[in-house]
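Below, chain A partners chain B and then partners chain C, in two separate complexes.
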Partner chain A sequence: MKLTAVKLKKCVKIWRLSLYNSLMQRMAYRFNFLLMCVGVFLQMILTLIFINVIFGFIDNLSGWTREQALIVVASYMIIEGLMWATCAYLAGISRNIRMGTMDLILIKPMDAQYLVSIWRGDPEDWVRVATALLVFIYAIVNLDIPLAVVLKNLIYYIILMFNAYVIVYSITLILKSFSFWFVEATSLNLFNQAVTRMSQYPTDIFAHKIAKIIFSTVIPLAFIATVPAKILIGGMNLYLFFSSCALAIIFFYSSRKFWLFALKHYSSASS
Partner chain B sequence: MPIIEVKNLSKTYEYYKKQPGLLASVKGLFRREKLYVEAVKEINFNIEEGELVGFLGPNGAGKTTTLKMLSGILYPSGGEARVLGHIPWKRQKEYQKQFALVMGQKNQLWWDLPAMESFILNKEIYEVPDKEFKYNLAELTELLDVKDILDIQVRKLSLGQRMKCELIAALLHKPKVLFLDEPTIGLDVVAQKNTRDFIKKYNKEKKTTIILTSHYMKDISQLCQRVIIIDLGRIIYDGRLDDLIKKYAEVDDILVDEVEVDDVIREIFGNGGGVK
Partner chain C sequence: MKKYWIIFKNSLQTSMAYRFNTFAFLIAELFSLAVIIYLWLSIYRQGNQIGNYTLSSLIIYYIFTKFISLLINAQDTARIIGDSIRQGDIINYLVKPINFQFESFFSNFGAVTYNFLAYSFIFLIILLFFHGISINILSAVLFILFILMAIVINFLINYIIGISTFYLGFIMGINFIMFNITLFLSGSLIPLDMLPSLVYKIVGFLPFKYLAFVPISVVTGKIGLDGLMPLLAHGLFWILALYLVALILYKKGLKNYEAYGG
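Let's turn to the complex of A and B:
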């Protein structure tokens, strides 16, 4: 028990240092950093404008009102923002494999998956998280749900969002692990983005039966933003709640196994 | 008991061939002829504690591949290896804390930050206690004479200064085994000499076991008593450097320092020795 606590403490410390280093690295180029923050902010504004335009024509989107849909959008943005802000190195894995620069991380006396995941975080994406939280608060306030109900559902929501983060992380890790074979794997980035971005709107818009089954099992997009939003708005749904927990565990376990398997096939680059 | 034991260690890579031209690339989309290259073929050697061994061979001979297997970065295709009693590719933390790898062509320092930030991160990763960290850092900066540059962005440093910082980052946890893969590559004559002097002194004082690869004969002749020569994945010589130089009879010792390792190997073993 004590050993686990010590290990955990070390993990947190390394994570903190890597976040600091990422931030300091960005701040070394002030204007670039500023522009990146503004860029991230504008990107999000565009999404919000898009939502507004859609709701200018319709009252509801597959049963979701504007404010409800905004909760889904904000939830997705929080998850996406957190992924970039904490695990940005994962996105660049294929490049680092091709150049062989990952070698020096792999020899360090820490879990390679952990180190590779947290090695770099993009600080400008905290802007994404912060903006998303503002949108989230705005949507909640305009939803007309009693505060007591919101607070109660919020606890479930936070757990579901944690699961969503784990699911997105695991999908990313699995896709990125293919880089060990493909080496040049920009395609995986595109695929990864395509897949996760589909979850930024209520998944009910994918009305086809087969789509529904796929998006709640194989690629559980529904559980990334839609399910947390659903439970926050409509209250607890035990089936969805436990499905989300189970999926998070299954995905995390599989991604871990797959990563370890892929690592064995690593062929590195020459000097 | 040897610190490093290597028995029949092999590594095979997969690759494919492509004829020049667009058409061949299109064909390659559908069908590829898979080829295998044995980068390392059943090599054997032992290294005792405190030895500083030169690991030589032309480009593509298998040096880096061997070092990467001994560092646990690559899984071998066959054979065994033990370093400090550990199987490297099991990546046990106890082992990883006791060795270091420095590659002349790759850096582990954070590019846009002063080297000190990378040292601090390494301190935590390798769990070096505060007191020891301070002591080691002071000692290494003194030895390498880099006190003034620790607060300067790494990218602003010269190649020589950067290599010194790379060495510090790798040695802060006092590794028992050190793999140096072309640490002097691209450095000017002065920086090469400084790096060499440091390696010599460090090995002598700390009794660190070191495997060094280099293309500069001067590195080898001034640092190593024993050399292992590898070519096309096979070990073609393992013995004292003096004996090797004696074979290189036509040229005297002074000149030996000025040539590239590859030339010496080619001269001695010729094409019959397996050298390309």
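Let's turn to the complex of A and C:
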């Protein structure tokens, strides 16, 4: 028990240091960091403009009103922002394998998956999380849900968002693990983004039965933003809640196994 | 000219070496295309008419935006140029009898050509699947002409961002901002004529519309023959203006360049 506590403490310390290092790296080019923050903010604004243009023509999107849809959008932004702010190094796995710099991670006396996950966090993406929270608050206020109900559902929402974070992390890790087989696989980032960005709209837009099954199980997009938003707005749904928990566990376990399997195929590119 | 032909060929061959990337890029774009189609299907199912667009014309619009995006964004030119300045690799070009701007352009054009060869057939099939448009020879020729204009304008914008490294030191931030601005103002996110009329007029003066909205409007017949000449002249004006800006920034930047690294 004591050993686990020491290990955990070490993990937290390394994570804190890696976040600090990431911030220092960005601060080396302060003006660039400022521009990165502006860029992230701009990206959020453009997404909101897009949503507004759509709702300029319609009253609801597959049953979701503008404010309800905004909660889905904000939930997705929070998850995306947290992923970049904490696990940005995952996006660089391909490049590091190609350049041989992955060795620097693998030779360290710590779990390689943990280090690969937390080695870099993009501090500008906290702007994404903050903007998303503002959108979230704006949408909640305009939904006219009693505060007591919001606070009660918020607890379920936070648990579901944690599950969503684990699911997105696992999908990203599985996809990036393919980099061990392909020399140049930077396009996996785009592929990963394309897949996860599908969840920024209510998944009810995928009207076909097959699409619904795929996006609830194989690629559980529905559980990234739509399900947390649904439960926040409409209250607890035990089936969706436990499905989300089960999927998070299954995906995390699978990603761990797949990462270890992929790691066996690593051949260093460095001298 | 032979040396640039070799640069073009090298870039084409390099792109061919990473076939998995080609496949993954295509799948990624098809995924995001599917989302857009589902989104608009869901909107049109309610019996709405969005602007001047029918559902099928909107789907065709987005198919074209994906195709054009795959072509013109074949290479991250701004980042490549920025890295080469920041890390000092640009010195390798300065000591050779090669024009750096032309070298960058032909390298970019090689990657664009590869993407054209790799993706055009697939997108043609997708267009046919959605009962696409009837393209006659004239509109096809005009489309290619405006696509070439899009490639040049996109290159010049990215080149300017890239050589901003002389002044900013690191261009990741400005590159990210320009990526988002371009995405929106080119009409890749929303057709520009869906925007409020005042915004549409302002955006109409900028060069970004040539990166998606104009080529698509030409091939879908939204712009008649009488509207082509002013568009061509306007596009050529922007090419000239961007070229001059690039030239000035490059010359001034090079004067103060300390050539670290290399």
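To be clear about the criterion, the second predicted complex is superposed on the first by the 270 of 271 C-alpha atoms of A that agree within 3 Å, B and C clash if a C-alpha of one lies under 4 Å from a C-alpha of the other, contacts with A are read in each partner's own complex, and residues count from 1 in each chain.
As a working rule, a residue touches a chain if its C-beta (ideal position, glycine included) is under 8 Å from a C-beta of that chain, and two chains touch if they have at least 3 such contacts.
Everything numeric in this text was worked out from a predicted model, so none of it was measured.
Engineer: Mind working out whether A:142 is in touch with chain B, chain C, both or neither, as first, second, both or neither?
Structural biologist: neither
Engineer: Please work out whether A:217 is in contact with chain B alone, chain C alone, both, or neither, and reply first, second, both or neither.
Structural biologist: After superposition on chain A, A:217 lies in contact with neither partner.
Engineer: Which of the two partners, first being chain B and second being chain C, lies in contact with A:207: first, second, both, or neither?
Structural biologist: second
Engineer: Classify the contacts of A:36 with the two partner chains as first (chain B alone), second (chain C alone), both, or neither.
Structural biologist: second
Engineer: Going by the contact rule set out at the top, does A:52 touch chain B (first), chain C (second), both, or neither?
Structural biologist: A:52: touches no partner chain.
Engineer: Name the chain, either chain B or chain C, that contacts more residues of chain A.
Structural biologist: C
Engineer: Touch test for A:194: chain B only (first), chain C only (second), both, or neither?
Structural biologist: Touch partner of A:194: chain C, not chain B.
Engineer: Go through chain A and flag every residue that touches chain B in one model and chain C in the other.
Structural biologist: 29
Engineer: Would you mind writing out the residues of chain A in touch with chain C in their complex?
Structural biologist: On the chain A side, the touching residues are 29, 31-36, 38-40, 42-43, 46, 49-50, 53-54, 57-58, 60-62, 182-188, 190-191, 193-195, 197-198, 201, 204-207, 211.
Engineer: In their shared complex, at which residues does chain C touch chain A?
Structural biologist: 17-18, 20-22, 24-25, 27-29, 31-32, 34-35, 38-39, 41-43, 45-46, 48, 50, 168-174, 176-177, 179-181, 183-184, 189-190, 194-195
Engineer: With touch defined as at the start, can you tell me which chain A residues reach chain B in the complex?
Structural biologist: So the residues of chain A touching chain B come out as 10, 13-14, 17-18, 21, 24-25, 28-29, 99-101, 103-110, 112, 115, 264-268, 270-271.
Engineer: Across the complex, what residues on chain B touch chain A?
Structural biologist: 13-14, 60, 64-65, 68, 71-75, 91, 93, 96-97, 99-101, 103-108, 110-113, 117, 120-121, 124-127, 153, 181-182
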